[in-house]
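Below: a set of structures, written as structure tokens.
In what comes next, chain A is part of two complexes: it sits with chain B in the first one and with chain C in the second one.
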Partner chain A sequence: MGIVGRIGLRLLQIVPTVALVAVLMFALMRLLPGDPAIQLLGDRATDASLARLRHEMGFDRSVSAQFWSYLEHVATLRLGDSITMHVPVTRLILDRLPITLMLTGMATVLALLIAVPLAFVAALREGGAVDLAIRMLGQVGLSMPVFYLGLILLITLAAGLGWFPVGGIGGGFVENLYYLFLPALTLALSLAMVLMRNLREALIEVLHAEFVQFATAKGLRRRLVLGRHVLRNALVPTVTLLGLQIGSLVGGAVITESVFAIPGVGRLMIDSIFARDYAVVQGLTIVLAVLVSLVFLLVDTVQGLLDPRQEAA
Partner chain B sequence: MTSLLEVRDLAVQIGPARPVDGVSFALARGEVLGIVGESGSGKSLTLRAILKLLPGIARTSGAALWQGRDLLAMPEAEIRRLRGREIGMIFQEPMTALDPVLPIGLQITESLGEHLALHGAAARRRAVELLDLVGIPGARRRLDSFPHEFSGGMRQRAMIAIALAGEPKLLLADEPTTALDVTIQDQILRLLLRLRDELAMSVILVTHDLGIVAGTCDRVAVLYAGRIMETGPTGAIYRTPGHAYTLGLMRSVPHRALARQRLQGIPGVPPDPGRMPPGCRFAPRCTLAVAACHQAPPPLRPLGPTHATACLRAEAVAGMAAVAA
Partner chain C sequence: MSEVAAAAPALAGAATPGRTRRLPRLRPGPLLGAAIVLLLLVCAVAPDWVAPYSPLKFDYRGTLRPPSWAHPFGTDNFGRDILSRVIWATRIDMQIAIFSTLFPAVFGTVAGCLVGYFGGVADLLFRRLVDLVVTVPFLVLVIAIVAVLGPGLVNMYVAVSAVGWIFYARLMRGEILAQKRRDYAAAGRVMGYGWPRIVFRHLLPNAISPVLVFWMTDMALCILLGSSLGYLGLGAQPPTAEWGVLIADGKNFMTTAWWMSIFPGMAIVLAGIGFSLLGDGVAALVRRR
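Showing the complex of A and B:
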């Protein structure tokens, strides 16, 4: 199967995944305790106004009727209006999505920029003092919760030294690179440590591989042996891991956006959950499911490009 | 005549073990030297030591003079330029020696770029020629294939093509035909001999197989437990072996020496490289051993102008070989 066929197949696989997420979402929201109408209007709302609101939101219909109209809306991407903010959910999400994508994108790039060189240095000095120091750094980094790390960075680099803004976002892409640097770094550090540990192991294994000896025996310069043969082979398991980490990256983004007051979809999610805004939470979950599926697709494609043997499998 | 390569007293120490211990031999231009020995005798380590490819835990001593200059004393940057360019190497296992994620073409052209400054289309053209040379059908199409898409024999050929890319003067071939069926073995050996003739290339051919040695090598060195037991012209050694171990090897092959068969049949196993016997290393398995054999390692002594043995009972061995013939 060619790379195009492979991508097409994975795209098709997104449909059942998202459908499953949608169904689960519907069930979960109905299982949550509390009546959203009371939540919105308060304890002292009259029965008449509560009934009107329930009718507007469709809660007075049977569960199966609600379910089918819900599925229809999902399939046509009509995610409805926010119950609390009275604007289309799609608008809310589209307004905030770019900043979250930028945050997670920057975090991934930063994580790789940190992980790859450190892993290389450690692997090339396996068992040495530098290797030990880097591994200890990794342990410390891994055991530190994201929000705690974020607070430390915030207090020292932003509030203390004043090098970075303490939160919020700028106006425009370039300014946001600056505003999002600390949050992205916060998000990147634990990912970097996970990737580094994995890549170091992979590098050490590949460094001992026969084909690396053979590449050396061919008289290639060390840089080419390391950069082409060693790194490329070691990246295969690391890219897999990177894909698996996407879940914790999204989770970390929710926390980071809260710590740094960033108006992204993570914050939107938290706010909507607290406000019982079903429409937003449902819509957001579905959009995130689609995005995560797309990331898996991307990882899968990169993997196929990195390792031709995977395509045969 | 000065030798192309002269290895003097080569030893490899790994921890307490010394799996290569005092190996010496010389190789002339255009010559094919066979190194034979059972599994674990140190054949691969010897070849890798010459190109300084051993891992850090292995300590190498002795000298390997390449046209008079010691490879073992060369700085890494210098020996790197000789690898592939002056001395090419074929690894024992083509399955693991080829990079699994890169197309074969690139694995050839990167050598061409490094050693001959050939890049782009010119490099690809040359790579096609090399694949043609080693007998890979449809070479142009195969350039973009990956190792896992090749059969075992084709991978072996591809590896030879890679080793030849730098047009080396010496090819170190570590069991280039093991695990291939006999017809493909023959094709590959004939290919090596043709290249020797056409390119005046010297070859060190490591093998288990005495039949292959008889058919391809000008001279032989018999390795046992990290030491050279006997060395000399192939013909002389087959006619009058001067070492009880060599005789044992030849006897373990049915139908005289020429049959294609892996070495087998000498009772017992080689000593552990960490605990070598004090005298002749073959003594514990040798049916001809006398008391002196167990005392000190017998030195190599000449039996003819280029024939030497480390056996105390060379004359008895020659007599037995003559009776058997």
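Showing the complex of A and C:
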């Protein structure tokens, strides 16, 4: 199957998964006890205003009727209006999504820039003091929650030394690069520790492989052996892992945005929870599921390019 | 989250040359891990013995004091001793580690056994469920459930349990799939044993070790998750001393009293390291068998 066929197939596979997420969210929001109208308007709301709100939100119709209109809306990407902000949820999400995408994108690049060299150094000096130090760093990094790491960077680099802003975002793209650097570094460090640990394992395995010994024996320069043979083969499992980590990355973004007061979708999610704005929480979960699925698709494609053997499988 | 966990045991195997020995060699890593976990358990069981002060005693003449001999971790904005608060918080965070993993581990193991052994429609549905859990970030799913139930520790346990069992079941299902093809399983069937006996007496003991290893790592991950939710205000609620909540308390004093946030965070890191080192040790022990 060609690459286009593969992508098409994976795109089709996204549909049932996202449909399942949508069904789950519907079940969660509607079938749990508690009347959202009362929660929104408070205990002292009049019966008339409660009835009006229920009608506006469609809660007075049968569950099956609600379910069908809901599925229809999700399929056409009309996710309803925010209950508290009276703006279409799609609009709210689209406004804030670019910031979150930029944050996670920067974090991924930074994570690779940190993880790949460290893993290389550790693997080439396997068992040595440097390797041990890097592995211990990884252990500490893996045990450090994102929000704590963010706070440490905030206290030292932003509040202490004043090198970076304490939070928020800037005016344009270039200013955003500066504002988002510290949050992205926070996310990147926790991602890098996971990547580094696994890339190191993969590199050590490849370094001991026969084709590497052969390449060295045949007199290829060290740099060529490492760059063309070792790194390329070790990158395949790393790219897979990077893809699998996208969930944690998005979860981390939710927390990082809260720590650094960044108006992205993660912050929107937390704010909506406290405001009990279910329409936004529901819409966001579905949109994030679609995005994560798309990243899986991307990873699948990149894997195929890195390792043509997988095309056949 | 399962990916992090899967990565953890890999390291342990690389550093165990003494495979032929009968008794496991006492390696420093797992020993240190066990010591840390023991220390945390002591703090959790008897915080009043360990903590130098009451975690709730206000002292308005000694607010926001930096670390000193009298208060090694300093004091907070109400003059409460931070070391004592961190020690008392251990009780809540250990509770999080146990309560958020107990149901998933037990239920997930049984469910994984059943779908793995019987396959069929249940297995098909289960695989869809796995797709779903992989697609929606764990934290986002847990947050969405907490959003509906309302913030709080108990609701957090419900949310984590509702999602977490799937990771255990996936692990168990894979192991059972491999074990049920083995000869001893066929022998059991030939002997006419009923399925409960084959699955729970014969297959389960042979398939359980990866789940046990994952359980250790999962406890560390749940402490991280629980403290993150506490920090966001979705987990333990403020008067309760919980590491994440303590860090959130200190955030407003970030510039003037860094110790308020930094020390509780160190407790989280310590717990994370302790549990994952112990998990590595368990993994090495299991592998030796």
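Rule of thumb we're sticking to: the second predicted complex is superposed on the first by the 309 of 313 C-alpha atoms of A that agree within 3 Å, B and C clash if a C-alpha of one lies under 4 Å from a C-alpha of the other, contacts with A are read in each partner's own complex, and residues count from 1 in each chain.
Simple rule for what comes next: a residue touches a chain if its C-beta (ideal position, glycine included) is under 8 Å from a C-beta of that chain, and two chains touch if they have at least 3 such contacts.
These numbers were taken from a predicted model, which means no experiment stands behind them.
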Worksheet item: Clash or fit: what happens to chain B and chain C when chain A is overlaid?
Response: fit
Worksheet item: So, does A:Ile270 touch the first partner chain B, the second partner chain C, both, or neither?
Response: second
Discussion item. Let me test your reading of the model: by the given contact rule, A:Arg6 touches which partner, first (chain B), second (chain C), both or neither?
Written reply: neither
Worksheet item: Given the touch rule stated above, what does A:Thr216 touch, chain B (first), chain C (second), both, or neither?
Response: first
Worksheet item: On chain A, which partner touches more residues: chain B or chain C?
Response: C
Discussion item. If we overlay the two complexes on their shared chain A, which of chain B and chain C does A:Arg54 touch? Say first, second, both or neither.
Written reply: neither
Worksheet item: Once you lay one complex on the other using chain A, what is the shortest C-alpha distance from chain B to chain C, in Å?
Response: 15
Item to complete: Please identify the positions on chain A that touch both chain B and chain C, taking each partner from its own complex.
Response: none
Discussion item. With touch defined as at the start, can you tell me which chain A residues reach chain C in the complex?
Written reply: 16-18, 20-21, 24-25, 28-29, 32, 135, 139-140, 142-148, 151-152, 154-155, 159, 194, 197-198, 201, 204, 241, 244-248, 250-252, 254-255, 258, 269-270, 272-274, 276, 278, 281-282, 284-285, 288-289, 292-293, 296
Worksheet, complete the sentence: Touching chain A in the complex, chain B uses residues 48, 51, 53, 55, 80-85, 88-89, 91, 93, 96-103, 110-111, 114-115, 146, 148, 159, 162-163, 165-166
Worksheet entry | Parts of chain C lying in touch with chain A, wherever the complex brings them together | 1, 3-4, 7-8, 10-11, 14, 128-129, 131-132, 134-141, 143-149, 151, 220, 224, 227-228, 231-234, 244, 247, 251, 254-255, 258, 261-262, 265, 268-273, 276-277
Discussion item. Touching residues of chain A toward chain B in the complex: what are they?
Written reply: 208-211, 213-222, 224, 228-229, 232-233, 236, 306-309, 312
